[in-house]
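Next come two complexes built around subunit A: one with subunit B, the other with subunit C.
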Partner chain A sequence: MGIPQEAYKAMEDIVGSQYITDDQVIAQAYVGRLGHGKDTGIDLDMNVPPAVIVLPRTTKEVQGILKIAHRYKINYVPASSFWISHCAPKRPDSLLLDLKRMNDLEIDEENMCAICGPGVIFSQLQEEAIKRGMYTTTPGGGSQVSVVANHINWGLSPLNYRNGVPGRRVLGGEWVLPDGELLRIGSMSTTDDPFWGEGPGPDLRGLLRGWIGWFGAMGVVTKLAVKLLPFHDEGLKPVGISPHTTLQFPEKKRIRWYNFVMPTRESLVECMYDIGKAEIAAALTKVPQQWRYIAKAGCREDFWEGWNTDEARNSINNIHICRVMLVGYASEEQLEYEERVLMDIMDSYGAKLGRTRQSDNSWIKNADSATMWMMTGAYTSVQVTVDTVDCGVKGGEGLAREKPAFTPPLMDDYGEPGWFQVSEIGHMGYIEFLQYWDPNPDQENLYKKDEWNYIKVPTLDAEWGMFNAFNIYASPMNLTGKAYGPECRKWFEKVKAEFDPDKLSNDPIPWDVDEYVDKVDWVNKEDYINRDWSKG
Partner chain B sequence: MDLKNELQKIVGAGNVLDSPEILEEYSTDNGIYPPGMPTVVVKAGKSEDVAKVINLANKNSTPVIPVSSGVHFQGCTIPYQGGIVLDLSNLNKILEIDPPNRRVRIEPGVTWGQITDELAKENIRVISPLLPHADRSVITDYLEREAPVVPKYEFAEPLMTYEIVWPNGEVFRTGSASVPGYPDSPAKGTNPAGPGLDFYRLPQGAQGTMGVINWANLKLEYLPKINKIFFMPFEDINAAIEPIYKIPRVHIGQEFFLLNHVDLALILAKQWPDDYDRLSDILPSWTLILTISGPPRRPEERIEYEKEALFDLKKQYFQDMPILEALPGVPGGGRELIHMLRKPWPKEEVYWKNRLSGACQSLFFIARPEDAPSFYEKVVDEAPKYGYPLEDLGVYLQPIEQSRVCHLEFNMFYDPDDPIEREKIRIMNRELAQDLLDMGAIFTRPYGDLADMVYEKATSYTTALKRVKKMFDPNNIMNPGRLCF
Partner chain C sequence: MPEEYVKFDLTDMKNFEYDMKRCVRCKGCKWVDHIYMPGATYSTRCPSEKRYLFDSFSAWGRLRLALSLLNGRIEFNDRFVEAIYKCQLCGACDAGCKRNLDLEIGSALESLRIKCVADGFGPMPEHKAIAEKIEKEHNVFGGPADNRDKWAKGIQTDDKAEFVYFVGCYGSYKMQGIPKATANILKATGQSFKIMGSDEYCCGYPLYSTGQIEKAKKVAQHNIDTIAKSGAKTVITACAECYKTLKVDYPKMFNKSTSDMGYQVIHLVEFVADQMEKGTIKFKNNIDMRVTYHDACNLARMSEPWVYWEGKRKLYGITEPTAPRRKGTHGVYHQPRNILKAIPGIDYVDMIRIRENAWCCGAGGGVAEAFPEFAQWSAEERLEEVDEVGAAALITACPRCKDNFSKAINASGDNIKVMDIAEMINEAIK
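Up next, the complex of A and B:
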């Protein structure tokens, strides 16, 4: 059926005929290339091609499009770099706003921020920032993802050790509300300058993002300033031929990697606390064993050759690697000082310093979780805890104990308790618990990967008192939305009812998991709908 | 309904106060704004009382004005529409000190005086604003966006999570403290984001209009044992701007800020008023102050490389700028400032901002450091028109987030017992604010007279804010008349 012809024509008048289409061949491409969440139950059963794709260039064009959508009651999905499965419509006859043309980038060097359109990607921003002695944190989604989307959703990076999750770095900007009205946030509320995040009085950034954001269910952010962070001034030199490129560290001792083999997992956790307290380092993370095997492998077969061995199986509980980056922000002397402190700490735990290349293949500019698909062809993170390091590690160990009941269809990772790192210089820890599966639909009990993801992990989180950042978009509101806050779901409902009463902005998010599990036969909905979640 | 009777049932008869003397005491604050009489004062004895009082008030559409301590300067606790003053000063427990996770969980009545001493026993601290009043609430200061005096961290938000009573009486925990079973849970409440929305941002800067905090988790940092202080004097504020940008950007230093001679003399004077008179004459027009401190591990080595980096910057960018380890003519060279900065202003002494004339009106906002000189020039041009002596104008510039931005504050001193002078300062404050707003000053904390002018300019923000407020406070009971509500 598509959208009404009058609506199509009105939008065509706004953007020009070359920037709008209802060609269903093109539309099909907008569901087939998603990253995180691909091949999950929701992706397979709910995502549908858009009826129309429109590519606006300016805030004013976005306002016009949303007002038309509002008038004709058209469901719309805003998306910029299509990294996540929420970027595809879940309703028929939807409009997709492809924001890639909105890629204006302005760097405010003196006041360390970048003013970005939603089409600006990390590769573009990081290149410009490093040239000016600053950096941003390229998230796990990769250098090709949108800076705006990843700041208002999740966008966590291994480089968040010093600066926290990117939501802390959202500044002023322009936000087109679901009905097409423009809201200017932060310092843009009273000026044209977006350099500061707080507006007068209560901070409406609180509505913009949350645990992980709205995924386009609250209109479109068309311009956003994000903080940049000071880096050393020696720069990083790209070398190699694509795809085998790397950033060469400078000769001067201004940035260095250190890989330590720790005697136990406990010592790995303890040393992270100590490093944070000493206020040294620029990045600090555990290296999961799978990453090592992925890094060594040139293809999927290589990986399985290495992984299907006793050495790999035993490595989970016997090899604990702590990877540290030091940066001499002030001078080589700073790095030398931090190196001495680091060695003091690591010596006290009996850690052994291993070899590592003094270049960066993935953290600073090219964060690349595409290799996560190398092993089985399907992957998602099910647990993303941000609280203390200790909390994250306990959660990961607990999930590792429960996961065998869902393996297969999940890949056997030999009890890997997850990847963890530190953020805000030790005030917070972060753990990501991953799952991989073969997306072949002919497998027996394939639904169990969704049961694990959508129901089991969120239930365990609530029962254990864990804080899983991904649950809001990967579990039923009737479960997580009741358990946390408590009853944070009520505020979602109120906000949506106030600002998008017709539910046109990327419906049914964030209630898509409720809708999905309502239709499947492998969930006893009464178990969680009627449960008193306030006590977990 | 007998409001007093109902309140007594919640908090006990002794905690419901309505004698004329008490009501008068709560009708005013330490600032320029006129009084307003509450109907009744309720002293909450435990956090459960807060939800019950707010529930009752919400049912009866009675205003509630939360008051966390007895020290308020900007008029935002004056009850202009009557109602219940909810005094939280007895909610003053330090609930948890968690050194491994570097957090402390406290109630809203906990003051800077109380927490600083307690944490110092374990060589830890909450980074404070510049010399806060000893009796000010720690939570209120950071809810109200006071700028931390240490700009070295990439983030400027010491508050992490809290338990809030929304205006409808519902109790809610923010961030990772929202987990079921908190605080007896693995999650300890160190992550501010979520659950769902970034709720932690909504009560910030809200002047008590979005609910009442029962407790909050704040970040802890180590309390340095070995320190050095450096003074960089300037005669012209323009010359201070480049060092302000450059120094924190290389990750050196702890406390770092710029004061003019008036504010610095007010802080350093020991014998009043002789020391002040002498110091305000001999101090440079502007002094940029930097402390360099040693962390628990290898402290001397840290100080050494940071000091070297400071002097390298000087050599590279501002060779003419003196870097002094003592201020000439100041007893002890002003070095005691290091220790003063790690504590609130001594309780037994008149608060530093009140020393000159008895009271102070601070006009402050967020700005780019590079714009500070033009804001300063504007105030210097305008102040004499109100008969305000420039020699009594205090100025404080606090870099934030490695000097990405700054908090710029003009301190105007007056006699609180002189109604004419008080009114003059009020007019001057309002009109200067309008001028500065027109120049691009960012008023994120529009107190009193400033609210109307700021919200008139922030049209789309104001509209959205009112919609949000309506969701959380449909009867507009929380501190009505503030901001745009």
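Up next, the complex of A and C:
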């Protein structure tokens, strides 16, 4: 059926005929397997091709398109780097706003911020920032991720240890509301300069991102200023030929990695607190064992040759690696001072300093994120606990105990309790619980990976009292919303009803998982969805 | 996943269905390796995606279209065929993908073209016209086949030599300065060589790259037989397209490996770099010029030997025996740069996107013939990069690249000089 011809023509008049199409062959290129969350139920069973794809260039064009969509009641999906499965159309006759042309990037050196369009990705920004002695935090999602989308959603990286979570680095910007009205936030509410996050009246950034973001269900952010942080001024040199490329650290002692083998998991947690208390270091993380084997592997088969060994199996409980990055932001002396403090802390735990290459390809410019799909073909993180780190670790250990019941189809990771780190100089803990599986649909009981992702993990979290940020969108809000008080589902509903009463902006987000689990027969709704959480 | 038997046979798209399905849309095929990301500009590697923007003009989009075709969700139509052929098959996507994943993007796209032709929807009319010329006169220009070795008048060749110089259509008919320079270089090093004369047919790149595999196989078989009859063990060429076609595509067409072909293919730059190490070539002339080098896709990231594979794909996509992967790591990258740096007076500077991340000149994959405006657009973007690094001359190792850059310069009035590396070396040894 598509969208009304008058609407199409009106949009064509806005962007020009070369930037809009309703060709259904082209539309097939936009179907399925989008970024994080791919190969889960919502991705496999709900994604449909868009009816129309439009590529706007400016905020004004986006406004025009959304106003037309509003007038003709057309569901629309804004997408920048397409790195999340919620941003694939899930309704027939949807309009897809492909934002790749909105790729303006301006660095404001004086105010230490970058003004980005949604088409700008992290490695572009990082390079421009480093050229000017600054840097940003590239998320675990990878350098190919949209800077704007990631800042208004949730991006975790060991660099958050020092730089804070991305929501705190959002400054002013332009936000086209679901009906096409332009809202300028932060300093842009009174000037054309987006250098500052606050403006007159309530801080609307919270409305924009909530905790985890809206994934296109609240209009389109077309311009956003994000904070940049000071970096050292020696630069980083790219070396090697693909696939062995990395950023080599300068000879001057301005940036260094340290890999410590800790005697126990407990000491790995404790040392993170101590490093935070000492207010040293630029990045701090645990290294999950799979990642070590991925890093060593030349191909998938190499990985499995290494992973299918007793050494790998035993490494989960016997090898605990703490990876620390120090940066001499101001001078070599700063790094030398921090190194002395770090060594004192690690000595007190009996940690052993291991060898590590003085280069980086995973965090400053994260070029490796797609390798997460290399081992098995499918991957997702089900757990993003944001709490104290020891709380997160205990949760990860608990999930590791439960996971064998879902393995297979999940890959046997020998009880790996997840990737954890501290953020914000130790004030916040963080854990991601990683799942890998073979996505081939012919496998027996493949639905169990969705049961694990969407139902089991959030239920356990709720029962254990853990706050899992991913669950707000990666599980039914009808489950998590009730389990966590005050019920966030109702808050989402109220905001959505106020700004987008016709639910045109990326419907059914953020209730896509709810819609999915309502249709499947493997969810016991009385036990989970309809459970009265007030009774525990 | 259930165990399946697959092979690197491009005539059946099903062999690459796994690769189509497992694309994660990370866009490693689009962006310059993030480690080498130069910033806000020159940040992408795929001309097609940058020029036409819609995902159907990207590697990830084409893989989805191919998968939809396999699954019967779509059929070939004009827009689909256009999306397939508005692509230089420059291999940037393949090398970019293999930075992190083990997917055969390049082969999947080639296989899609073969299917498109087999089903009667491809190639483009311009490609058919060239195929007719090749069939009739064995070259892409339709010039008389007997004129192929006209350039060699007065050049001493040796029928007993173990080196056969495969000249290629552009050298034989359009850019005869390149073979003349090549012959001079070989002579200067004391390397005897022979040529195939009118028995040399077009290498078949214009046929193979546009999906006309049956026609390509005919010329390939002819050239393979001629090389075998000549008794030569080494084929030298100064053309990147011929190089890759003889080295990689011939074995690919016949489900063999490069090592099974009975001959070795080397490019002139590999030969000269080797002679430099042996001290048998001297650059005597000073050439005062700031130059840069353009990595021809077929000599660079796409030139690794082809290894035919068939076997099982099992749970998690594990192959048995382990499938070989050509990642673009061992392309011919260093030799031309070392040569240029060794020429006295030359101030060598690299462009921003180099080696496996290089931006294609725009001519390959049949684009120059079917979509000349797109080919010129791609060349212009590369020439901007030449300007950006302040080079006065752009050196290539592929007559097709030189031709396309020259056309773009003529159209724009730019004053960048374009030279083939054979001509530059010849100037230096005079």
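Just so it is clear, the second predicted complex is superposed on the first by the 527 of 536 C-alpha atoms of A that agree within 3 Å, B and C clash if a C-alpha of one lies under 4 Å from a C-alpha of the other, contacts with A are read in each partner's own complex, and residues count from 1 in each chain.
Throughout what follows, a contact is a pair of C-beta atoms (placed from the backbone, for glycine too) under 8 Å apart; a residue touches a chain by one contact, two chains touch by 3 or more.
Note that the structure is a prediction, hence the values are computed from the model and not measured.
Peer 1: Once both complexes are superposed via subunit A, do subunit B and subunit C end up clashing or fitting?
Peer 2: Verdict on subunit A: subunit B and subunit C fit.
Peer 1: Have a look at where A:Gly142 lands relative to subunit B and subunit C in the superposition and call it first, second, both or neither.
Peer 2: second
Peer 1: For subunit A, which side has the bigger count of touched residues, subunit B or subunit C?
Peer 2: It is B that touches the greater number of subunit A residues.
Peer 1: So in the superposed three-chain picture, is A:Ala462 touching just subunit B, just subunit C, both, or none of them (first/second/both/neither)?
Peer 2: first
Peer 1: Touch check for A:Asp23: first (subunit B), second (subunit C), both, or neither?
Peer 2: It touches subunit C, and subunit B stays clear.
Peer 1: Go through the superposed model and pick first if A:Arg184 touches only subunit B, second if only subunit C, both, or neither.
Peer 2: The answer is first: A:Arg184 touches subunit B but not subunit C.
Peer 1: Between subunit B (first) and subunit C (second), which, if any, makes contact with A:His427: first, second, both or neither?
Peer 2: first
Peer 1: Contact-wise, after the overlay, does A:Lys73 reach subunit B, subunit C, both or neither (first, second, both, neither)?
Peer 2: A:Lys73: touches no partner chain.
Peer 1: Counting only touches as set out at the top, which of subunit B and subunit C does A:Arg357 meet: first, second, both, neither?
Peer 2: neither
Peer 1: After superposing the two complexes, find the smallest distance in angstrom between C-alpha atoms of subunit B and C-alpha atoms of subunit C.
Peer 2: 23
Peer 1: So in the complex, the part of subunit C that touches subunit A is made up of which residues?
Peer 2: Going through subunit C, the ones touching subunit A are 1-2, 21-28, 31, 33-40, 43, 53-56, 58, 60-62, 64-65, 68, 73-74, 77, 79-80, 83, 95-96, 98-102, 315-320, 322-323, 325, 327-329, 333, 355-357.
Peer 1: Okay, in this complex, where on subunit A does subunit B touch?
Peer 2: For subunit A paired with subunit B, touching residues are 110-113, 162-165, 167-169, 177, 181-185, 187, 189-191, 193, 195-196, 198-212, 227, 229-230, 273, 276-279, 329-331, 333-334, 336-337, 340-341, 344-345, 385-388, 390-391, 394-395, 424-428, 461-467, 469, 472, 480-481, 483-489, 491-492, 494-495, 498-499, 510, 533-536.
Peer 1: Which residues of subunit A touch subunit C in their complex?
Peer 2: 19, 21, 23-26, 28-35, 38, 53, 55, 81-83, 98, 100-101, 103, 105, 120-124, 126-128, 131, 142-144, 238, 240-247, 299-301, 304, 361, 365-371, 373-377, 411, 438-440, 442-443
Peer 1: Taking the complex as given, what residues does subunit B use to touch subunit A?
Peer 2: Residue positions touching the partner: 100-103, 145, 153-155, 157, 160, 170, 172-173, 175-176, 178-182, 184-207, 209-210, 219, 222, 245, 249-252, 295-298, 301-302, 304-306, 308-309, 312, 366, 368-370, 401-402, 404-405, 437, 440, 442-446, 451, 454-455, 457-458, 460-461, 463-465, 467-471, 483-484.
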